[in-house]
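Next, two complexes with subunit A in common: one pairs it with subunit B, the other with subunit C.
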Partner chain A sequence: MAFNTKDVVLKEDRPRTLLLQKHSDYLAGYGLDKDDFEFCMTEYLRMSGIYWSLTAMELMGQSSRMPKDEIIEFITSCQDKESGGVSASIGHDPHMLYTLSAVQVLAMYDRLDAIDVEGVVRYITSLQQDDGSFFGDKWGEVDTRFSFCAVMALSLLHRLDTINVNKTVDFVLSCMNFDGGFGSKPGSESHAGLIYCCVGTLSICKRMDALKADELAWWLCERQLPSGGLNGRPEKLPDLCYSWWVMSSLSMLNRIHWVDKKSLEEYILACQDAETGGFSDRPGDIPDPFHTLFGLAGLSLLGNTSIKLVNPTYCMPQETIDRLKLEPQVLHI
Partner chain B sequence: MHGRVKVRTTEEEVARKQKERQEKLKKFKYAMQKIQGKRNQGELDKELLELTGNVLSSNPDIYTLWNIRREIFTLFLKDDAMLDEMCALYDAELQLTEYCLKINPKSYGAWHQREWVLTTRSDPNWAQELAVCNKYLKLDERNFHTWDYRRFVVSKCKPSLKDEFDFTTEKLHDNFSNYSAWHYRSKMLVALFPDVEGGRPIEDSHHKHELKMVQSAAFTDPDDTSAWFYQRWLLGAVRNSVKLVVVTVTKSKTTLAFNQYVSHDYVKDKIQIVFNKSTIAGDWISCTGNQYDIVWIFKHTETIQDDMEIEVEHDGDNGKNVVGCVKVKPFTFIGKNQISFQKSYSEPVLKELETQLDACRQLLALEPDNKWTLLTTTVFLYCIDAKKYHNEVIENLQALKSIDKLRIGYYNDLITKWCIENQLNNYHGDNSISFKISFDEKISSLPHLQFYSHCENVDLSNQNISSKGLPSLIVLQNCKNLSLNNNKLTTLKGFPSLELEVLDLQNNDLDKSEVDLLKEKLNCNIIF
Partner chain C sequence: MPLFFRYAFDIVPAEENFRNKSPVLHLFNCLGLESWCVKHVYMYCYSELMDKYFAKPKRKALKPSSVNCERITKLLNLTLLINPELTSLWNKRREMVLKSFLEKTKELQFTKLVLSRKPKCNDAFSYRRWILEAMFKGESLQSNVINSLITEELLICELASDKSPNNYHSWNHRMWLVNKLKSVKNFDLHFLYIKEYEFSERWTSKHVSDYSCFHYRQFCIKNIFSINPDQWQTFENTVNCNLRKSFVKILSDNFPNDVTIQASKDDLLTYSEENLVNLLLCYTNKNCSCAVEHVQVCRKLEVLFHELVLNIELLRFYKFHETMWYHRRFIVHEVMSIMYDHFGVARQNGVLVKNNCGVCSMDELRQKQAKIVRYDSNRIYSCVLFNILKNIETKFIEERQRDDDNYACRHEKYLRFVEGLNNVM
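After this line comes the complex of A and B, so read on.
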């Protein structure tokens, strides 16, 4: 039985240059038609959708094409008065994921005054458990994604002191695996997306020392496949969003040079849709704002100077992080 | 949106699809409106269960709809009239989640609902749930949601660990490429076979057994990466305790370097500084300002004499360790501990490693360019006797750079690390306060630099150090003369505040304005 590495082959006629104008047009047009099928069916994650689009636009220096006032008003109306949390959209329930997206968007707009910050702090702190973990909402789902959401949102609000940071770190560390990676809860398999969340949490809490840096970074650089693209777990297909999860983690670990930048850049560029603009998970698939952000952010980490510098911990423009005077930790090498 | 291929179709087809979608959308919007209307009116009833269930059946990720269903269930539970129906309702809920998981096997909402039902109802059938896991793992052996759910079920119905361990063996015999099963196995292994006596992560006899098993898996197909990761872990599974490596006492500063990061509480509780037989009071300050650090500065008010007896006591994992300091020049005292980077295995495990090394060498003879075989051979050599095999290890890593071009940066840093370890193994004992690279390979990063925290003269010239290594220099707390001549520096951003006298930055690609700024910050002589 011959073993086949799961991968894709990049075609000769693939896009090889960065189509910035197309991406900007794609995102500016996304959601203009409120009756668009795809747009309506993704209402349950609207707040994150806004974060993906706005951040991508910010990185391209095109955020003026986003309806700022409408967005801010929308966020204000999505905050739940009682719990203080923010929902994905009107008529949906507050959740940690969308509370973070709302805070990120308002931080980029420098308009954190548009929501009840005390409410957000109250909501997030109420979701921390005795073992340091966080619920996603009052219904009790535990995931390291929510730990990251909590520390990221609170640090953007300069209120990290309102939770038990040591316990937060201890919980995340209890999710560390034999390969140095992390999963969604204690015992869960390592996954590049969750590794980003856990490394990001440690970066914000300034406890990067607790990582098995060399083991973890080796596992991460082994995600690169012959096509140049990165997968999220061993023996899986490449996917553009892992250009972000893996590369941001490697950046925080100060080992971004462990992957081959040139072939990864070629893979990312090949995931562009030359007709409509936007990026997809793999060459030839349908694009969406999520992959468009992670494609652009990945290129920024690789040093593409036509895109603004992105911060690897926050996945927001470095200028926003500087303005807020945040200094997430990067490991020494 | 994942894995949706863009297909070209005719205009007619597009129009037809568009119409179909508009119909669907109309129904969807109507249902969502009705649901929200009923919820706002407080009508948490069976009709609402049905409405939300219909929408979820095709859109299992709309989290709010699952919330509404839980609200309804919570209300029903308080209603005595509903008592007889609850069991059937819970069963129906499990069926709904199963239906949803067919649409999207990775739906967080559906999986969580299943967990919620099982923990809320009073009559959970865990055996049935374990069977569900088995069924789903047959459909997709790598779905991490299913594995997570299995761990949840196992935590409730508590089958024996051995059963679960055997389950991973079974899964691996189906397919060695199942990384999820290797992962689960690693958890079972340390729980089932902990080494209580020697303090190792795994009991020796089983360590050996696992090494055998993983080798047969890896050899079945050397291009499948799953087993190699597990093997690398097994090789690294040795105990590593905190060690004090260098103590430096000068008139201006007392610094302690450790082999790993330790906390403020750790140094405060475990370390005592003794001058002329009396313990000195003082405060501990991390050299980076972090809570955990690798070099700690001890602030005290004693005057350092030229003739002093200085000892540092470390209350470590293996009992008390006393490091005596010797005078290396007037008013400068250095104390070092014996160090070794050699991994220590028990005799039987070492024997097994040697057998496996032989097997690897044989396989390599057949396929000299197989990355995984070469890398594993190299790791075996390093683990068995790093000093003896040093040259071969480095040669292999050089070869890997041309076989596995995507990861040249990794191999460069590994060469750097293992060469520095080799140099430290050879020279750590001497009392020189100068550090210079003594091997031909150029270093690309700065691992183990804290072992040189006592050095006044640090010569890192003619290497491949890039600007991202600069923050690491912070551990050179006693350095006065530092040379970074002829490296790959492109910016001085991140250069730490060191008390240098001379800094050589010649032959780097640096901006003069940046150099001037640094000169101002460090207040030292910069050669540029």
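After this line comes the complex of A and C, so read on.
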């Protein structure tokens, strides 16, 4: 069977230890050249980029290397006065995705006062639809990712009461498939990233009981490939970010021991770039802050103690979640 | 597809401008941009857009007007062709459509160009949905216009699905389109269901590692469950297969070793739907007073067993593909659901419980016993249909294991521990 499995082979000379200092240097130096072509190409997701980098730095205990004041000022200037939503960068349109990233960053900095919280609440509540779903912005695209953004941001602001939580849950459950997984819309294919969003929504709304836990965990465990890495859907290549999306979901389902942790850890470590620092999707590819965060967060879930404890629902340091007195649900059966 | 039929854009690798010629290439309907100039073009267009038209605060930004709309459109076109993930730029186009500075049909053409290079770009699909929603809603479209829009949309999905395997967005978009047409008047939805069923059969048989198309196939199968009885003949003619004959064949090949129900293939072909369903489901009544829809149940089973036969053929031919085994789980799950439904039970948290009939309330008395009694589950596991399914699965798992397909073993475990058949296999 092996000749047919789409997978990668880990090389003998791959990194086998965690190169923390390299990763910290990599993130500290990332995107300093603002006239750079790459910088302009990725400006449309800048706010999330800041969240990925800062969270990774927090997990390594090195967040002091990030330009805190500059970041906070940037976030303030990205809030749209009218709608209350936050955009990815100055001049771009507000969107649910970047509103969440902004709230997460400010929550980690304990500086939620830097934005108009009422505006954020107004923005998110205005995007909920009659069926409980959420638009991503005023143009009306629906996706379970946006449901997760809404409940996560509002819970970080302690304002979950401003939306219809029951309907939110009902909509997410309407996206469940026979295999126990979830897609982006009702009837859409199961996808590990969207499963994380839906399980996370239920974890925050404390409705983990509504999941088909065994079916779902079974499907999630089958994402592990011979290399140890995880894919996000059947017959796809492994990708480091799924070590977060699959493992955090299994963690909320309390079934993390269903995968082979040792080979997964080897895969994650092999995705490090030993020269530049940072993690990539697969061994040998170019690293980026997105995969760097999910590599570190994945290792934290696997119990690596040189990284701070990460919360599986929020993908933020557990200490932040504790400080905010949030208790996302984990399944106990 | 021949080049001259195709609208396409791509960046053509060329490291230097050594010929001192225009970097814009043009052949038939295809447009190319030499890679050496991409950075310069992008930085130029993106900067002008951001500085002038996306400036902050908003009051300082220039609004699209008849004076500048041509300029903005050019800048947006180039920037989005190079980087189609820029949601805010798509939004600017939406604003311009609302103000009639951009024309909807031309916008559909532009997104087609974007998708020719980036077939996984959800922003482009999302923009098409927005345009099409507006077209379906705003104007009372003539049916030939609707039909040509649909043909074009299905073609774009097909090109994108072909160019990028497991394309989540193109298959999602296709499902959105079919669902959207439910609310469009003057449209023969059931005929589309049939055409899409046929299309997905062809496509899945050629893309056996692409679960996204199998997921779409499952959507098509469920749609076929809902077609009008009077269109069944059209359906059978279109798929060009005698479903009853094929159903009866797989049944008679796998009858349990029980002399009392031996029936030859020829005998079974003479059965009415009612007799066939009664034979398969052991003449048991449902727990409620609703009449069994024999024809409906029989046709669902015909479709599902046809799918099972196709799956067996594909797995034998292509071997060792997780995707096809996953699709088989769906088929088994659907057949089991028909049985559970027939016997008035449902699976919850891994155990069978009595199911409330949503239609009548005659089963209230029985509902008082919350957990299912052994008698009810025995009825399911002793019925002919279950035993036929069990025989098919057991034989097929053994056959594939002999061929060293490790997924066969996984399938057996799945049936035992996830589908809940551990005690009866």
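Here is the rule we use: the second predicted complex is superposed on the first by the 330 of 333 C-alpha atoms of A that agree within 3 Å, B and C clash if a C-alpha of one lies under 4 Å from a C-alpha of the other, contacts with A are read in each partner's own complex, and residues count from 1 in each chain.
In the analysis below, a residue touches a chain if its C-beta (ideal position, glycine included) is under 8 Å from a C-beta of that chain, and two chains touch if they have at least 3 such contacts.
Just so it is clear, the model here is predicted, and its values are computed rather than measured.
Q: Will subunit C clash with subunit B on subunit A after the two structures are superposed, or do they fit?
A: Aligned on subunit A, subunit B and subunit C clash with each other.
Q: Just to be sure I read the superposition right, which of the two partners does A:Ser263 touch: subunit B = first, subunit C = second, or both, or neither?
A: After superposing on A, A:Ser263 lies in contact with subunit B but is clear of subunit C.
Q: Is it subunit B or subunit C that touches the larger share of residues in subunit A?
A: On the superposition, B touches more of the residues of subunit A.
Q: Quick check on the superposed pair: does A:Asp7 touch subunit B, subunit C, both, or neither? Answer first, second, both or neither.
A: neither
Q: Should A:Ile286 be classified as contacting the first partner (subunit B), the second (subunit C), both, or neither?
A: In the superposition, A:Ile286 contacts subunit B only.
Q: Quick check for you: in the superposed arrangement, does A:Ala210 touch first (subunit B), second (subunit C), both or neither?
A: A:Ala210: touches subunit B, not subunit C.
Q: Using the superposition on chain A described above, determine whether A:Ser77 touches subunit B (first), subunit C (second), both, or neither.
A: The answer is second: A:Ser77 touches subunit C but not subunit B.
Q: Determine where on subunit A the residues touched by subunit B overlap those touched by subunit C, and list them.
A: Comparing the two interfaces on subunit A, one with subunit B and one with subunit C, the shared residues are 1, 37, 40-41, 44-45, 87-88, 91-93, 95, 137, 139-141, 178-179, 183-185, 187-189, 191, 214-215, 218, 222, 233-236.
Q: Under the touch definition given earlier, write down the residues of subunit A that touch subunit C in their complex.
A: 1, 4, 6, 37, 40-41, 44-45, 77, 82, 87-88, 90-93, 95, 137, 139-141, 178-179, 183-185, 187-189, 191, 212, 214-215, 218, 222, 233-236
Q: Write out the stretch or stretches of subunit C touching subunit A in their complex.
A: 39, 42-43, 46-47, 50, 54-56, 58, 61, 83, 85-88, 91, 94, 126, 129-130, 166, 168, 171-172, 175-176, 179, 209-212, 215, 219, 319-323, 326, 329-330, 333, 349-350, 404-407, 410, 414, 417-418
Q: Under the stated contact criterion, what part of subunit B meets subunit A in this complex?
A: 1-6, 21-22, 24-25, 28-29, 32, 36, 59, 61-64, 66-67, 70, 108, 112, 116, 142, 144, 147-148, 151, 177, 179-180, 183-184, 186-187, 221, 223-226, 229-230, 232-233, 236, 261, 290-294, 405-410, 413, 417, 445-447, 466, 468-469, 471-472, 474
Q: Along subunit A, where are the residues that touch subunit B in the complex?
A: 1-3, 5, 35, 37, 40-41, 44-45, 87-88, 91-93, 95, 137, 139-141, 177-179, 183-185, 187-191, 206-207, 209-210, 214-215, 217-219, 221-222, 224, 226, 228, 233-236, 239, 254-255, 257-260, 263, 273, 280-282, 284-288, 290-291, 329-330, 332-333
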